[in-house]
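Shared between the two complexes below is chain A, which has chain B as its partner in the first and chain C in the second.
Right, the complex of A and B next:
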């Protein structure tokens, strides 16, 4: 009976819905016959939205909520993946637009660049969602968990739409939805003062950045008279520089470019770990997407753009990794590594832009390809590291590296996958970080054939890439050494155990992805170049060269892997039959060793941090041994961010001092407030009439 | 017809003056009921509104019900609930207020002259009345201390805005968007003030808005 009626009802419902919201219109009518990819893509987004909205209804049943939301979201993301690949041959077929409020058109179009940025979204987000099953374990926070799921999925959808927005109002709308939904995600533990402060800081930076982006929109509109991105290339060359710089700073505050990165090290420790993974792995890449999109849309070939981006990239990369060395909170440290990697990504983009300005197709192609591939790689290994850090924090209850230790034996899967992530992020073979950084290196070496400023900048870029790589490996030897090796420093660390499959499976998958990209780099390099296929600004890069480099990288990585296996094998063989005794780590023959004789994170990193003293503010308080019967000694040190210090003492405090003098305006007298309104009206009337 | 309009406007002006001069809250509420009733009655009697459809008629009936009965009743209930015994302690005295009201009328005539708005013929006086009502509402809000008087001032201000809308509209229209928005605004305003009244009363045992000073940072 029911099934008999259903189709007609469904048909009527469909027409009703179509009448209500208006059928999405294909941007290009000629391609009307090929609506399928678009429908599948919209279906994927709808599923993700449903996956977010369902928990709000079912939050009373905690397990059901989690399974339902995660399941639907994962299927939605897989559908999204499918739609990308089914439309891959013809990205333009995946376009639609809605007239909105009779004033704007909400238009979405895709090209190869959007597709490339959709990859990390649909790859990382479902894994983070699965991981959240482990992370949200308290049933009494059920409603809050449901709300978190809701905003997570809104964030996913809005990020997917950011990559597709075809005009300024659309972009502004989805960009704001993205910023605001992520703000709510950061505020998960809103009872804590630090979380609220972090959320506020993030909100401030997100909105200030959005303001700059909108300002650049305004400048474009005032010259081109059109909201369409496609018309932006028609504005005068002299304006393009300003537009790009405005947009660069705006997107930079989202991406976490030094010195606009201040919110990152605060927001990430405050947010739940899988949210950090999404935000650091995927969301800040939307800032990079914006920068690239703006650059390509403007079609500006001024070399100063590339130089600016490259210099910001170098500074972000170097200082990011430096501050990471000085930090003891594991998530804050990872946040600084995001700044570092954004720096590397920007260096790739900057080199690409310089290549475009010089008319060098190889340099441009490899620069941008390195940038794109590092976006993908960073999203993989950074979310892996954040998930690992989250597991450690959840299981031990602390995020301070100096209170951990010996976790490799207690949480083997987390430890090993974290190690994989660490090697990847340090840019070492045979993992994926090496591949993308190599592409950036390759682009930089192309720049050496030019003279003057380009030569100088590319040389600095090469040196800083090397320094960044070295410091990153140093930093991760610190993290892995202190957190996972050695002996547990506290009772909590001693009692830590591995989480369930919901925690380990995403991490293992991500670690596997790191290795696959590292061992089979050729196809992924090709993928990165495919991401640039629709960009008309770039010349064609010799495919043979790309294939050769891919093959050589593959050979190198595999050789490296083979050597590792060989060494392990040799060790096994040589030690066979010998008696192996195991003592405590760092035992060193002491009769009563204690966990406190181990290196701490501070002491390990100190020598390097000291070297860069002008750029890092080290504050120490120390009580030394004095007299014959000394008091209890103590030592604390902290490393401060110069950008943060400058922002606090240079901007915030003077501003507060000025604003404090205006406090008398708020006197609390309602009658006088009404007086203010009247005065305002009178002034406006006077201005209008005189 | 025109005479009735003029009479209504005169009564509205008188009600404004009376509200400025009255010290008892209960009287104020009564005045507001009369004023609200007259203000929503006025558009029905205008000549060019004679072709109004049934939707418009219903709308203005709702308007009369809300402004003339619902809101005054709400205010009355609030007054009874908080049981204030004392009369208003004005910031500006009653005689001064009355005098200010007269000056406001003169000023609004002057402003109406200067504005040169394209008002349909026979409706120039509405604009004067409207500006007077608005300004008097503002004056009431500034010159009195009790929260309930603030609400009444706010109501008067909205009445004035409504009148301006009536005066400027040349032709009959089917969508009473602006008017309806105003009505909603008013209701919400009264509700919010009711809650605030209740809370101030609860917290301080009085409804002087001066006590709100303590709430600032």
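Right, the complex of A and C next:
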């Protein structure tokens, strides 16, 4: 290879980096001379908490409540940003600890990885909060809105603390606060049965995931005897694989990896749109954070870890986008795209882990950097898309893709920003999605030089990534084409109008961010590498190589824009003085077209979904023309998730059947219950003493 | 300088070659056929005209031709035409370029859906589907070439230290690539047996139906973009079939264009002798190409 690894590279990387990110220091406040960044960070969190608590007091004045809460939250998040930037110069300053319940210590430390994950939190949440001003428009729901603000801000604070938790009790505490506050956010429309079902499902998956995570904590504790994450690397190598797999499944159910994703497509349509944006854009990334953090603290270099993560990534990516194609509820579709993007993120992480196992610093660096940058990119474009979808749903009253149409003319800002988000999420240049996918590709191609299983897996990864990209652009041409282009298919869609500035400004900002990362990729690639600066497991990647890749990607996207601009100029010249007329769309000889004959999203996606039939369940019911006096014909089709079907018929129903047989134990007789307790104690004592 | 000359020739001559296909088809059918410069006449005719826009359409409709044409120009800038070092090149440019082509397809499809016509929607669905499958073959080819040369750019493939060559140590694998790439060429450029550019029924079209509503200079841009795309694939195939020495400079041009014409003639021959596939057979056809390349890539593992 032409890039060697220089020992002084780390120093150079740090100076070259926009964000200089500090080393973690165990919490010991006495040693800190400068507590200022820590104080600012805690001030930011306190402000966000106040911003959440104030609405509970002022909910009778609806407008005041919204302005106060959103204002204080936004300032709090900006302060949080400031504290990250100011702490870069003095890395030791951002750590603190408290004793808790006389037994545990609540300790928080930061390193480059936690700083990187703080970025989307402080970036997306205030924008979602501003958007909520528009979204919560009914004053009669004032109290409920206030409660929603309260839990939103608890969620923001708990997510920020998850990235900093330094030992197991702390992590467990903030992780649970995060899960439970987001559960209350999903339940905003609790009168609806579907919302309650979605909330229950989410709760179930969040808690089952937490159980697995705590189980892995238990295994670590039993070997290391310490709650500290820093001691986790000392456990025997043979246990590490099991610990990592437990944690991977636990965090995976939060992140939404296939087949543990089935709460996502239910919870997102049920939650308010800006909550979906926060949950899908930021919260599920905490699952990714957990996987990465666990991998790094365990320090396991077994190649099987990387292979497992990569395979799960490929499966989530492919099946996520496939189900997205089959879904017609716009928010459910976006939820499946989260599964897809989590797949891409995991593919980056898996390639990075394989790189670590192979001792290949370039492959490891680019894999993890692609993973991190995709976390940031996905948080930007996915929240943009959810906000756009929320605007559409609010303005038309329907979330079914096939009942919309022609919204580009009626909601121009939403339409244009949604188009930007769609091109970005499809991973197409010159927008941001491509930059991170390129890094993942780069790591994968790096892996092609090895043999056997690594070669085969990276080959599959590259082809899957290409197919995922193709299917994602297929799916988003469907959303853009059916929802925003063409003629409106229903009266509701025809009457839709643009919302106020509180709705459009966040979307425009997010769309701008997509383009900025696409045109100036170099500094963001550096930022992603800076996020890995404190990970001792990774060798240093040549900074020159990183800078060249950034410069080349910048060249690619800028040149493409320049050529488009050139062609636009030519087109302007060619059309000078020409006659331009308007007419109806050519109906191919059909003289009385209606909006209903337009191609629907269902038929658009049908051929692909059919092609992948073994992996998707298509259910059709059809009433055909029969006999002399036929009945009215009808046709419905739906695409079902195999993971969901397997979980219902393979797990839930058998479990219910077994439990039903045990129902006689629960008879309501208190005396007998006390008898159970006595018997249980006796049996336990017997077991203990024999 | 040489690079600029060769790209200049390419940009100007690209509309000539589809005329060859038409000529071959006509001769095969025992007709005289249109003049060789027919595509230039068509372009000039279109450029002189104004446009009719459907009242349904938005700015997206106008973006379609722009982005697809820009993508076509961009990819030629990075391609070593006639094995002359390309104007621009960097490690990884193939990924950027194939994704830029995909951006072009995204906007072509969006423009088609913008008209609200059911036929255009149908064409768009097919284009998106087959395009996705073809992408798998293309990336399989990139994997194989990376295994063979360690390179990730067109420049390095054909003008680098270890250029791809049929006579090289693993040149036999390229035979599989040639077949697969030809199949991808037919798919990506909407030729028979995947799509029939000369058909008359909208229901059976793929690419043609998507651009039904474009007219005047917009249509000219689409046509130009598709000429560049076809030219790129044919040139790619040419350099694999007939490896040229980069030291030859512009002297390579006659050989390069000779082989290029042969490839267009082959396309014409295929179109004259084959019928268009039933739509349900097309995915199998495209998948066959990717299986060929993946097989070739597996062979590079060297089991002995």
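Just so it is clear, the second predicted complex is superposed on the first by the 617 of 690 C-alpha atoms of A that agree within 3 Å, B and C clash if a C-alpha of one lies under 4 Å from a C-alpha of the other, contacts with A are read in each partner's own complex, and residues count from 1 in each chain.
As a convention for this text, a contact is a pair of C-beta atoms (placed from the backbone, for glycine too) under 8 Å apart; a residue touches a chain by one contact, two chains touch by 3 or more.
Just so it is clear, the model here is predicted, and its values are computed rather than measured.
Chemist: Where does A:591 make contact in the superposed view: on chain B (first), on chain C (second), on both, or on neither?
Modeler: Neither partner.
Chemist: Would you sort A:497 into first (chain B), second (chain C), both or neither based on which partner it touches?
Modeler: neither
Chemist: So in the superposed three-chain picture, is A:559 touching just chain B, just chain C, both, or none of them (first/second/both/neither)?
Modeler: second
Chemist: May I ask you to decide whether A:536 touches chain B, chain C, both, or neither, giving the answer as first, second, both or neither?
Modeler: neither
Chemist: One more residue to check, A:669. First (chain B), second (chain C), both or neither?
Modeler: first
Chemist: State whether A:678 touches chain B only (first), chain C only (second), both chains, or neither.
Modeler: Once the two structures are laid over each other on A, A:678 reaches chain B alone.
Chemist: Between chain B and chain C, point out the one touching more chain A residues.
Modeler: More residues of chain A are touched by C.
Chemist: Is A:419 in contact with chain B, with chain C, with both, or with neither (first, second, both, neither)?
Modeler: In the superposed model, A:419 contacts chain C only, not chain B.
Chemist: Of all the chain A residues, which ones make contact with chain B and with chain C?
Modeler: Common to the two interfaces on chain A: nothing.
Chemist: Would you tell me which residues of chain A are touching chain B in their complex?
Modeler: Those residues of chain A that touch chain B are 666-672, 674-675, 677-678, 689.
Chemist: Quick check: in the complex, which residue numbers of chain C touch chain A?
Modeler: These residues of chain C touch chain A: 47, 49-58, 60, 62, 65-67, 69-71, 73-74, 77, 88, 90-93, 95-96, 99-100, 102-103, 105-106, 109-110, 112-122, 124-126, 128-129, 131-133, 135-136, 138-140, 142-143, 146-147, 150, 152, 202, 212-213, 216-218, 220-221, 279, 283, 290, 294, 297, 301.
Chemist: Touching chain C in the complex: which residues of chain A?
Modeler: Touch residues, chain A against chain C: 405-406, 408-409, 415, 419, 423, 426-429, 434, 438, 441-442, 445, 448-449, 451-452, 455, 459, 462-463, 465-467, 469-471, 473-474, 476-477, 480-482, 485-487, 548-549, 552-553, 555-556, 559-560, 563-564, 566-568, 571, 574-575, 578-588, 593, 595, 597-599, 603-608, 611.
Chemist: Within their complex, state which residues of chain B touch chain A.
Modeler: So the residues of chain B in touch with chain A come to 91, 114, 138, 141-145, 150, 209-210, 212-217.
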